[in-house]
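Here come two complexes built around chain A, the first alongside chain B, the second alongside chain C.
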Partner chain A sequence: MKLELGKINISDIQFGSETKLDGGVLCVAADQLKELVLEDEHIATVEFDIAKPGESVRITPVKDVIEPRVKVEGPGGIFPGMIASVETVGSGRTHVLAGMAVVTAGPIVGFQEGIVDMCGPGADYTPFSKTLNLVMVCTPVEGIESHDYERAVRMAGFKVATTLGELGRDAQPDEVETFETPSIKEGMDLYPDLPRVGYVQMLQSQGLLHDTYVYGVDAKQIMPTFLYPTETMDGAIVSGNCVSACDKNPTYIHLNNGVVRDLYEEHGKTINFVGQIITNENVYLADKERSSNQTAKLCRMLDLDGVIVSQEGFGNPDTDLIMNCKKIEAEGIKTVIITDEYAGRDGKSQSLADADVAADAVVTGGNANQVVVLPKLDKVIGTLDYVNKIAGASAETLQEDGSLLVELQVITGATNETGFGYLSAR
Partner chain B sequence: MKYFVLTNNPMVKEKAAPGTDVRFQKGSIVQILEAASLLVADGHSLLTHPLSGSVKPGETPYKSMLLSANAAQEVDLASARLVASAIDACTKFVDKSHTYSAETLADLQTVDLALIEGAIDSAER
Partner chain C sequence: MVKEIERAGLPVVHDCTVTPISLTVGANRIVPTIAIPHPLGDPAQTPEEEKKIRRAIVEKSLQALQTEVDGQTVFKD
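Now for the complex of A and B:
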């Protein structure tokens, strides 16, 4: 399967009377997009705002971050099973409005998290301080159930991103990248001497506000399955995960998965990147056993020599991570696992809630309990009403001078477990 | 698998399907985990992960777990290990649940209820 990804570099976002792409400048008619969002009866109001890198702006609480894309050639459309039909995606050509994101924000429940600072020390920890952000702050109609409202905001983000992505259909890309995965047999013939490497991506799937969707299917209901990695670049996996801001995978990260990109980079040179196995992180222990058994079985069936396993979240998923690692290693396949740590504010506590000797090659996204001070910024998009309640915050979070004393947990993407972040020991 | 629910979440007690064996007890998450630890020592097995949910201990005061209704002769070591490491993990988080409004507590109860209902669906299959 082969996908061409045409990047249209967005240099600015402005409000205007018409939604259009003018060279690299995206003009947004906010009223037009409002109409689209308010088609959903669950959403009472939506306000659009623009946040640019370097501005003294704090966005919170952030729910999802989405990159606008459009399918230009080949079967299906972006976000299959959610926006487009369930046709298999990942081939042909896709255009990307690169350098920008649609950010959904606003309260869904009474405890909220997710901070994106566009400047200052907080900006160093989130990948989304580097994108031009079109932020949509939604409020719900009264009396709505939280799961109905979460779905409404999630879908509103996809609708807006898809509408903007469509503007790139006829644009000339600034850059075109090509990603190709041969069939199993072709790959063996092409690269007989290269180690066969797979990627096991664990998807958050514990329940309300902790969900991920694959072609529209709730990931807690899936059996582990095998994807061409290019399918994820067309939005086969989307986020419905509103908790654990630092180590959840917003939809933007599913579209731009760092592990996928790096494995493609080495594909045909040092490794044969065979493909991507997706599995879930359920609450029920027998589900964990079944999913990790099937994941290890798929790795064996594909005759993999090595596997990279990435986790999403903390605590409960630590057990899935270790089960996957142990069982894949027991098949004689080398693993490297990617996680993050909750090692306490001093970094001295046990980092993971589970462990095993088979997990002898571990990459960390950082310590989510690390304390940082985020200075007061001039403008807040969203609200600071929840900031004392978010994970990693406390009653002392909001300081007298307006700065925030928080743990890295609160910052969207800070310790991302697909390597989509900036923390490094280098 | 026959099971019962151990919980400190009043909404689980209130909204569980008729006939569900719900063992409600007041207390903190750590107290619920300690109660689970004693049940595991008596031969019950954990059927759900004790750190279910990404809403962190301290951030939420609620915890619901499924345990096997039958008590075996021998202690399930995997369950014992999981619950011990969960108690250990709880100590890393600052408890701020006492600062919440009734509305926020209701939201946290709703999330905990949704997660345990998902697990009950799996157990009933």
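Now for the complex of A and C:
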């Protein structure tokens, strides 16, 4: 399967009377988009705002971050099973509005959504301080259940992102990248001497708004399965999360998965990147056992020599991570696991809830309990009403001078477990 | 908490869903439960069925508390 990804670099976002792409400048008619969002009876109001890198702006509570894309050639459309039909995606050509993002914000659970700072120390921790952000702050109609509202805001984000993505259909990309995964047999013939490497991506599926969707299917319901990695570049996997923001994958990260990109970079040179196995992180022990058994089985069936496993979230999914690692290693396949740590504010506590000697190659996204001070910024998009309650905050979070004393946990993408963040020991 | 109470000389049964974590942490008597968000119940069942499930787990736990163990034990059935 081969996908061409054409990047249209967005240099600015402005409000105007018409939604259009003018060179690299995206003009947004907010009223048009409002109408689109308010088609959903669960959403009472939506306000659009623009946040640019370097501005003294704090966005919170952030639910999802989405990159606008459009399918230009080949079967299906972006976000299959959500926006487009359930056609298999990942081949042909896709255009990307690069350098920008649609950010959905406003309280859903209230205490679980994240913070994105566009400048200052907070900006150093979130990858979304570097994108031009079109923020949509939504509020729910009265009396609505939070899961119904989560679905409404999730879908509203996808609708706006695909509407904007459509503007890139006929634009000339600034850069075109090509990603190709051969069939199993072709790959063996092409690269007989290269180690066969797979990527096992664990998807957040604990429920209660800790959810991920694959072709529209709730990941709690999936058996581990095998994907061409290019399928994810067309939105086959999307976020339904409202959870500790630092280590959940917003939809933007699924579209731009760093592990996938880096494995493609080495594909045909030092490794044969065979493909991507997706599995879940459910709350029943039997599900954890079944999914890790099936994941290890798929790795064996594909005759992999090595596997990279990325986790999403923390806590009981640490057990899924360790089960995957142990069982894949038991098949004689080398593993590297990518996780993050909850080692306490002083960094002295046990980092993961589970452990095993088979987990002898570990990459960390950082300690989510690390405390940082985020100075007061001039403008807040959204509301600070929940800032003392969000996961990683405390009663002391909002200081007298307006600064925030928080754990990294509150910052969207700060300790991302696909390597999308900026934390590094180097 | 399980370890500290045992250290004080009282036997403890850890009712939990993710038994591998309980094993890693070092509990000696472990009784598996239904699911992480609802360890002693199951919202998919009727309230009457849930009460039966709850009673069965509590009774199994009391049984486990009175059982001599030689090292870490998961009371599966």
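By definition in this document, the second predicted complex is superposed on the first by the 424 of 426 C-alpha atoms of A that agree within 3 Å, B and C clash if a C-alpha of one lies under 4 Å from a C-alpha of the other, contacts with A are read in each partner's own complex, and residues count from 1 in each chain.
Everything below uses one rule, namely that a residue touches a chain if its C-beta (ideal position, glycine included) is under 8 Å from a C-beta of that chain, and two chains touch if they have at least 3 such contacts.
Please read all numbers here as calculations on a predicted model, not as lab measurements.
Applying the stated contact rule after C-alpha superposition, one finds that A:344 touches chain B and leaves chain C untouched. By the touch criterion defined above, A:220 reaches chain B but does not reach chain C. When the two complexes are overlaid on their common chain A, residue A:147 makes contact with chain B while staying clear of chain C.
Once the two structures are overlaid, the count of chain A residues touched is higher for B than for its counterpart among chain B and chain C.
Contacts of A:354 after superposition: both chain B and chain C are touched.
By the document's definition of touching, both partners, chain B and chain C, reach A:288. Of the two partner chains placed by superposition, only chain B is touched by A:314; chain C is not.
Once the two complexes are laid over each other on the shared chain, residue contacts for A:322 go to chain C alone; chain B is not touched. In the superposition on chain A, A:208 contacts both chain B and chain C. Common to the chain B and chain C contact sets on chain A are residues 206-208, 283-285, 288, 316, 318-319, 353-354.
Residues of chain C that touch chain A in their complex: 17-21, 24, 32, 34-37.
Every residue of chain A that touches chain C in the complex is listed here, in rising order: 206-208, 283-285, 288, 316, 318-319, 322-323, 353-355.
Taken together, the chain B residues at the contact with chain A in this complex read 1, 46-49, 51-56, 59-60, 66, 82, 85-86, 88-89, 91-92, 94, 96, 99-101, 103-108, 110-111, 114-119, 122-123.
On the side of chain A, the complex with chain B involves touching residues 109-111, 146-147, 204, 206-210, 220, 241, 243-244, 248, 282-288, 313-316, 318-319, 342-344, 349-350, 353-354, 369, 388-395, 409.
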